[in-house]
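Common to both upcoming complexes is chain A, partnered first by chain B, then by chain C.
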Partner chain A sequence: MNALQPRSNSAPHMYRYDAFDAQFVRERVKQFRSQVERRLDGSLTETEFKPLRLMNGLYLQLHAYMLRVAIPYGTLSAVQLRQLAFIADRFDKGYGHFTTRQNIQYNWPKLKDVPDILDALADVEMHAIQTSGNCIRNVTADHFAGVADDEIEDPRPTAELLRQWSSAHPEFSFLPRKFKIAVSGAEHDRAAIKVHDIGLRIVKNDIGEIGYEVILGGGLGRTPMIGHVVREFLPKNDILPYCEAIMRVYNSFGRRDNKYKARVKILVHETGLEQIRAMVEAEFNSLDKASIAHDPKELERIAAQFANPVYDRFAAKFNDLQTQMDADPEFHLFANTNIASHKAQGYSIITVSLKPIGGSPGDASAAQMRVLSDVADQYSHSELRISHEQNIILPHVRTSDLYSVWQALKAAGLATANAGLITDIIACPGMDYCSLATARSIPIAQAIAKRFESAAEQHDIGKLGIKISGCINACGHHHIGAIGILGLEKSGIESYQITIGGDPTLTTAIGERLGPGFAADDVPDAIAKIVDVYKSTRTDGEAFMETYRRIGTSPFKEALYAAH
Partner chain B sequence: MPLINDTGFIADSWVRVSEESTLFAEQIIIPFAQFEEAAAANIKKIGVHVANTVKPTELVQYFAKLDLISIDFPNFADGRGLSIARSIRKAGFIGELRAFGPLIADQYAYARSCGFDTIEVPEELAARQPEGQWKDAGKSLSLSYQRGYMHGKNILNQRSIHEAASRTGAV
Partner chain C sequence: MGETGWVKTHNKAKIASTADEQIALDELGAKSMTANEVVDAYLIDIVLDQHNTPQPTHYRELMRTKGPSIRLDLGKQAENHT
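Up next, the complex of A and B:
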């Protein structure tokens, strides 16, 4: 077989492993299989085994192991999703949980099954490599990549190049702490690049060349920080040497004395941006770039595989959508919220919400995964995306097919019309699964969703993102929720802090705390009061965040805490 | 302490000299701070042991006089020594580069890639992870994606070669 020939298996419009990638992943599985054996026979202590299993995606949770599988830059084929369903059925309890970092988590695998699961993933060109541990994590990207109408360039070839470069990196696999990279290629930031350790924004310079704006030192967690531009324009071909320089500075100088101060954001903060920039640039200039950089042809090879499908020119002729919407109010609601414009005429992007009222945010059953695979095969060129909002995207749907797709989704309980609305809540697993949790988050999300169950009310409120974390680690990204909820524990009782005004886009903002925490049962009421303030002060067509920016926090504080 | 290279567990011809002891053997590894003293004592081969906070640039001026640099790994999860090794190699050191500390067999390939020749591990660790495990670990990842590192077949280079060959019709 020609080593460079993409293997069959997945959708034709995404990166496919060549023989090298395939062998690399298989060797990694084999290596992990022997590491499990060596843990069991005592060759490896638990302390030694821990980072090895984490680097293969395996966590020890509250009740069991949890396996986190990477969905690099959120792109997934129908074949791959079907395999994820198979794994859920065969090795877990029949469902999986999609996370805020374009991964899927299985909550109940057995240690002895994990190598087999990894092999099953390798069968469809997937893996769990570096979804955890103090290494460079799964590289994420805009979930509308390649189809967004505001795109300068598809960010996924860069993300794939970085995925490969960061895999089993000999120098950067024992870092002070985890390291997350996100890439965006559009005008709007849908990948939250300013709250990543490195955020890359594809930009065009004055003379029309495409390169990267490099943002360093963002992050959420205990000490939320917005990243700084460390390099305004990095020529494309310098990306690997520049990343190597950043990583070497971080690996050498990042703090190792305190886990909570070990992220690169703290290094940047304590050292100062100018000094860090000087250190990175000095390291970068000392490198023999030609020996490190990728061959430009390699990026072309990768990019070619992400080429869009050939769209049907005649699809643009369809103009009955409005009629269909008028005829079916339920479809109308769905179309209002869950459909985005596509760069090709006559095509649309569908967001499938994994946030049904009363469900666990981000969970999908094996049966639902299969339905989505079938729908993708039939209507979306066999391709899907996972968003950091924990939803699933169908990226290439003919506008004329929207109604049929909606019907198919509805039959499977997947047509919740709430993308971007108050019930499209992001929540981490919290106390229900996570051993680090200080409070529950899923039940809080469910209670809020119930409170705002009425479709009419949700649509009247409009765009409003709620994000919930079950502890200070902030996996639910509460800092950047328009409304953020952080579950803490105060002398044995859960207490929920509410922040407001967080923003994950290019105008990134960390939410402001409104005051003392609330008991679990009081959270829905508190959210309702915040919403009431918005509704009574908004001007015509003003979204929640706009009202907030205009009036500030005081009216909200007053509504929540003023004595009655 | 047990010493490992690509051939397995090997005899160590170097003697580590602690700060208190006098300099006597032919090949000694001394703390970096004592280098000048040893250099004056007319010893055949000198190696220095450095902490993982050393600035690689500080070592460069001594390269010609050093046959070995030993880098401390206080624990296996602290990867600083890997960056130091890489920087030292990049700066042109051609003597023996040794990792000193409780690195595990699973890190062997990484250490080699970053430029280490040998690893000196505690007895207890070598007893748990005998020679065979180190040899297997050395072979466990035969392919790598990072250009400019030293171990394994580089995938990006392989692709370039392959691409060039197919352009000239060799494939």
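Up next, the complex of A and C:
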């Protein structure tokens, strides 16, 4: 990638730390450095150190420590990604894993190096604070934020406001359980807002005012639940007081007697929606709102930093994309799947798949991160996004540059043409890394991808999301996969339950289990049988989920279990 | 845990064959945790292979002795990876 040089005017359009942010993060690193020193000299036991390290995103996994770094609302600059690559090379094993919550995880850091890693992150305005523990976690958002052609308003200023409000919030640092917030500002939901503790959907009311639809009590894990609308329209200025009211109700009444019943979804379920709504509204009305609400000027200041770059007005004159596609079948396939329409004429959004056939979903090498940084500098105003689907987005690409970008990506092994297809599989790290896992996820994803390696077959099948989790905690979002796979242990061996019909969008649905689990080696065949039912039953142009909704689970069950 | 304390590989792990030996090994683990030699210690089921080396029977613990099954260049198995 030596040929690519950054553009001189390619400053990213995203939130920059002010002096307070920078000082806050540096002080936290300094504090943790001292804690690590005391752990290493034996002054702190693991029992004493554990809550301290978890507050800084440091887990202890199956083979080593794991550091989870937040990528707030999935927005990343080229400089930041280059620094993530540096950290991967300097302090880890030359790669990182992008997660379903818009974080990056390093799987092999040494404890003595973690303070230096955190300082390196602070150098580029990043941190690992609140990526673990019973607090408000990294606020996630639509990965097409700011550029989607169906957008009402960019959700990132709201997400940033929530990040500032929730960071080290003294009242909400020891909640009954972890708490996840997602924000969407578009007509289509690409942030899975209905399966978050709070989902915020930016909407317009009857008189054209912009506010929020507030969804509460969604979540996956061992008890998957779809969130409920608690407020159909919340004025923008009330966002922090209303969230504060929700958190106070949850903090007061959420169960602390049973870890497995401690999420807010259980509180909503056990209390009842109407009662919870009344409790939240009562708390909201009792609050001194003025002392909690944001200064509208502060939100304006934040929003201004997310203003889109000045687009090239001549870009719209490019009309040769179809010609380029016709001339290069491989590019044609890529363009069909990995390019989305942009709200600015003459521009496109590229999804860079981190799901090469046979690869580990969500993993990127340091070298690939550097290529993506260079490509972003050259072609995407130095900006990238991380999607909860574990892919990387180039949000501001001139349509006339698509072919050049594709060639650069292809040279780096980053041009897999499968976004949204059957091999674009979401998978958690599973037992290959995770101490909580009951089975492996990555080898299952790899085997399925190899089974459907043929580009022609993938494109014939069309949109079909497979999501795999290696335990009941559902980090791989299996409940909301069109096909979901859950890895469990059964009598000392790995066993995989298959669900069907899950949906992560606004028509959210939890998948239905088809029957007993399969051995690891049998999973690709089982998926092939499900696909065969779809292909033999679909009507013209009917997508997998449409066929499923029309015919139900019975034909799929029969295909999988009739001979048993 | 080895005969007297923490060892880096499972090959040299101390084996407890009776209930009393298990209690003693558990106590050794607890002592090593208190002394900050290990982060966590627990008993696992093993079988002896043809070289009389203990091998975990459960796939999770077997994975811990090696490394990720999808990256043979990482973890303890990396030493033998070419």
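The rule is simple: the second predicted complex is superposed on the first by the 541 of 564 C-alpha atoms of A that agree within 3 Å, B and C clash if a C-alpha of one lies under 4 Å from a C-alpha of the other, contacts with A are read in each partner's own complex, and residues count from 1 in each chain.
Here is the rule we go by: a contact is a pair of C-beta atoms (placed from the backbone, for glycine too) under 8 Å apart; a residue touches a chain by one contact, two chains touch by 3 or more.
Keep in mind that this is a model prediction, so the values were computed, not measured.
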Based on the superposed arrangement, let me know which partner A:P51 touches: chain B (first), chain C (second), both, or neither? first
Is A:G541 touching anything from chain B or chain C once the two structures are fitted on A? First, second, both or neither. neither
Using the touch definition from the top, say if A:E298 reaches chain B (first), chain C (second), both or neither. first
Which partner does A:G208 reach: the first (chain B), the second (chain C), both, or neither? neither
Give one of first, second, both or neither to describe whether A:G42 is in contact with chain B, with chain C, with both, or with none. both
In the superposed arrangement, does A:W165 touch chain B (first), chain C (second), both or neither? first
So in the superposed three-chain picture, is A:R28 touching just chain B, just chain C, both, or none of them (first/second/both/neither)? first
Going by the contact rule set out at the top, does A:S360 touch chain B (first), chain C (second), both, or neither? second
Of chain B and chain C, which one touches more of chain A's residues? B
From the superposed pair, tell me which chain A residues show up as contacts to chain B and also as contacts to chain C. 42, 45
How about chain A: which of its residues touch chain B in the complex? 2-4, 18, 20-21, 23-24, 27-28, 30-31, 34-35, 38, 42-45, 48, 51-52, 134, 164-165, 167-175, 240, 248, 251-252, 256, 286-288, 291-295, 297-298, 301
In the complex, chain A touches chain C at residues 42, 45-46, 60, 62-63, 93, 108, 360, 431-433, 440, 442-443, 446, 492-494
Sites on chain B touched by chain A in the complex: 76-80, 82-84, 86-87, 90, 104-107, 109-111, 113-114, 128-129, 133, 136, 140-149, 151, 155-156, 158-160, 162-163, 166, 171
Could you please specify the touching residues of chain C with respect to chain A in the complex? 33-34, 36, 39-40, 57-60, 63-64, 67-71, 74-76
